[in-house]
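Below: the structure, in structure tokens.
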Amino acid sequence: MMILDSLKLQAQIISALAYRNQAERIRKSPFGLIGLLVEPLLFVSIFLVVRMLFPAATPPLINPFLHLASGFSLFFLFSKIALKAINGVERSQRFSVLKRIRPLDVLFAGALVEFRVYGACFLLMILGVSIYQWQFVVAYPGSAVALFVLVALTSLGVGLSALVVGHRLPVVKIFVNTLIARVLFWTSGLFFSIATIPGFLRPFLLWNPLLHGIELFRKALVPTYPIPGISLIYLLVWAFGSLGFSMMVYGNNEKLLISEEISDV
Amino acid sequence: MTKLRFDRRPGLNHLLLLRQRLNAVRQRIPTRLHFSPFRATVLVVALAGIYCFGLGRARFKTTSDFLIRQPMPPSMAAPAVIGPVMGGPNLFGSLEDGRYLAVYLHSPEVMGRVFRRLLEQRRYGRRLPDLFTGLSANANRDQQLAFFRRQVQVWPQDLSGVIQLTTTGLDPQTALQLNRLLLQEARMFVNEMNQVISREQLSFAQQEVDRARQRLDQATSRFNAFQARNGQLDPIQESASTSSLITALEGKLVELRVEEAGLRRQFRDPQAPEVQAVADQVQELQRQIQEERASVVNPQGRALSSRASEAMKLQNEVTFATEGLKAAMLAVENSRMESQRQLKFLVMLSDPQAAAVQDWNWRWQAFLGAIGGLVVAWGLVGFVSGVRRRF
Amino acid sequence: MSGLNTLTPRTRRRYAHHTKPPILVSLQQLSLRDDFGHLLLEDFSFRVRAGQRWQVVADDRRIAHGLLNCIAGLQQPAQGKLVVRSHVSWPLGQLTGLSGLLSCTENVRFMGGVYGEAGNFERELGLIRQLCAFDETLWDRPFKQLPNPAKQRFKLALSLAFDFDLYLLDPMALAPLRRQGVWSEAWQGILEQRLRERAVVAIGGDRFGIADRCTHALVFEQGQVLVKGRTGHCGDQIRSILRLTANQRKRNK
């Protein structure tokens, strides 16, 4: 009972922090709430135009807009949450007086806001495509939502693990940061499908858990979408393994979650 | 010890009593044996290590490699620039067949033929002290199938087209026997595939031959019936001979007319008997020619034109049916040759051998998996306990 | 008397089976140093139980403030252990962490999500509006655009509006309200309510009637505990220390 009570309190605190985070972002953005959704929509539109100007040699396995939209939404979700988690809680953000708020709550709240923003963005895109085609384009909505959540958990786990390990080995933090910001953009299936990749290259790409998440998500949209070598178990192992590892190392040592950078504030 | 106070809320009293009893039990246990997270972790790791590297039964793997190949047709014998590199149609054919084989070898039918035998001999039965490895004696068919599928891996290799068959057993002989039995099944599958395809092709071609023969018989009997009705062997020829007769008569008519004209010039009197005789012959010849012409086309007469065209039509049908039969028989022969050409063969590259040493992979995987699970559980429990300490 | 009725509902549920007043905060063998590393306090142990209202008086204000900050978790002790088993407020007037971009209403909503019961904030918002008595236009303006006295008043109102098991009061923080002439019955009412219903650790002298309501006193002199116990037994010591500190202040001026 007490655990449920405490979990409820934790959820309440995270929700309050997410509300504050979101409200601040809306205030900072010149277009308000719409401004939050513009970035991913813009990226998808630009790449869709490029795709139309240079059509692919093989027929598409899935609606090109959905292909790009799913890839970009999940990638941005992953990278934003992971990078935010890797960078820890800034000292200026510390709620040192408000003892009920712990640094982990701030990171969870940040992840929740990103989840809401990119979830809303993707929903808008789905709605647009469904209206255009006059039919609902998601075959398994439950699986799609579950995979969205799983990718968010994976990114949180990866970010937190890099953060807590990075306190001892700063090179890990730098490596993961670079990997997420630069390498994953090209190797996570944003522009290609794993089925179109030659067989001898696949084993290398399949190490990337985000690729599994994106391809599984596309399969939830279109059941006939081929996903050779993609595994839900692998994604689950990454999600729970990285989260469990980071929780284990973090324990209750909140210092591990504070950014070591000194803010100008 | 904190004194407990009874509460009116239902259920809480039982929990309080239980807590009191647990505390009493705990106080009787020496402190060094009290539960602590560190001790629990050590215990779990120790148990996992004991099971994975001690109690767990050894597993043995047997691997064989083969290729499904068909002989190249003469037209494909010329080497292409990238043919040898890409392997040509044989590579892709082998991969495709490998994938079908993978599905087939995991099917309940194969399991029924191959695996049941081994299960009856209790080769995969559970045995002390390891109660987790193996199949329980009262497993149902679905459980048996799932277990069987875990013991068999079929991997078509993308680059080379080679198909690798790996079987797992709890002793080397079982793994070897399973591998051999499955290879037999694979050969039977390939042979049956060949037989089924050629049988299907031949049966279709044979059906076409039968149909063509039937058509020829029908056309011939219609033609013969027509001839019997009209009492003529060949109305076409008769029509041709009647035409030549008419032509001959017309020739004769021309001669007689010329003679008549000569005689009229010679004799002033047109009633002269010599002129009359020739004139009578001309008339008679004209009348005969007209009669012959009329009887050719008159339906009450010989009606040679219509009969000739009908006879031609029937004869054409017979000719066409004959050609059809010839083509169908040729197709049967081609189909037979083609199915010979398309025969596939299972070519062994590496025969299965009994494993000399056990497979250690599963032990390390299980042990590291246990540690991974511990990490996740630790993290989760740590998180929940942190949450519990919130005020 | 279990003291459970002086706890917030959540903490009361947790201590439902206790017969004695639960310990809210426990300091064990605490040592305090100032910013320059000088030892202020050594090997000091202290417990606050539910329902107790402590007046902490010291000749050296740094000790009293340091103790308050330690309990609030804002200052790390040089040695010793702090065990917190209740919902402790921040020292009155030391509230930070509000967002300058959000309006006062939005900040109350955020704080309500963190400290309110079941995330509700309407009741607290009403109370804060009553205490602050701002013009309506100020409520929707970004917090950073408010004048400093308004910010101060808002923070003080937030500190008293939410329900805690233990309040950490520095009466000096309330002094600006008197100076601004906005110390109203509403402020007095809420202060008295907290003093009556909850546990308190207050430092300093008798301002705003706080000392009169304290049940226990902790008196320091020259870094040592002079007396610790019920106020009935410590009256003289409290008065002598207060006189000392008042004289010191006059000399400093």
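To keep things simple, chains are lettered A, B and C as they appear, and every chain counts its residues starting from 1.
By definition in this document, contacts are C-beta pairs under 8 Å (C-beta built on N, C-alpha and C of every residue); 3 or more make two chains touch, one makes a residue touch a chain.
No experiment lies behind these values; they were computed from the predicted model shown.
Relative to the whole-protein C-alpha centroid, the nearest chain centroid is that of A. For the interfaces A-B and B-C, the C-beta contact count is higher for A-B.
One inter-chain figure worth recording: subunit A and subunit C are separated by 42 Å, centre to centre, where each centre is the mean of the chain's CA atoms.
Mean C-alpha positions place subunit A and subunit B at a centre distance of 44 Å. Subunit C has its Cα centroid 83 Å from the Cα centroid of subunit B.
Annotation for subunit A: residues touching 2 or more other chains are 2, 9, 100. Among the residues of subunit C, those in touch with two or more other chains are 10, 14, 84, 87-88. Shown for subunit B are the residues that touch two or more other chains, namely 391.
Contacts from subunit B toward subunit A in the complex involve residues 158-159, 372, 375-380, 382-384, 386-391. Considering their complex, residues 2-3, 6-7, 9-10, 100, 102, 198-200, 237, 240-241, 243-248, 250-252 of subunit A touch subunit B.
Across the complex, subunit A is touched by residues 10, 13-14, 72-74, 84, 87-88, 90, 94-97, 99, 101-102, 106, 109-115, 118-119, 142 of subunit C.
By the touch criterion given at the top, residues 1-2, 5, 9, 12-13, 15-17, 19-20, 23-24, 27-28, 94-101 of subunit A touch subunit C in their complex. Subunit C makes touch with subunit B in their complex at residues 10-11, 14, 16-19, 84-88, 165.
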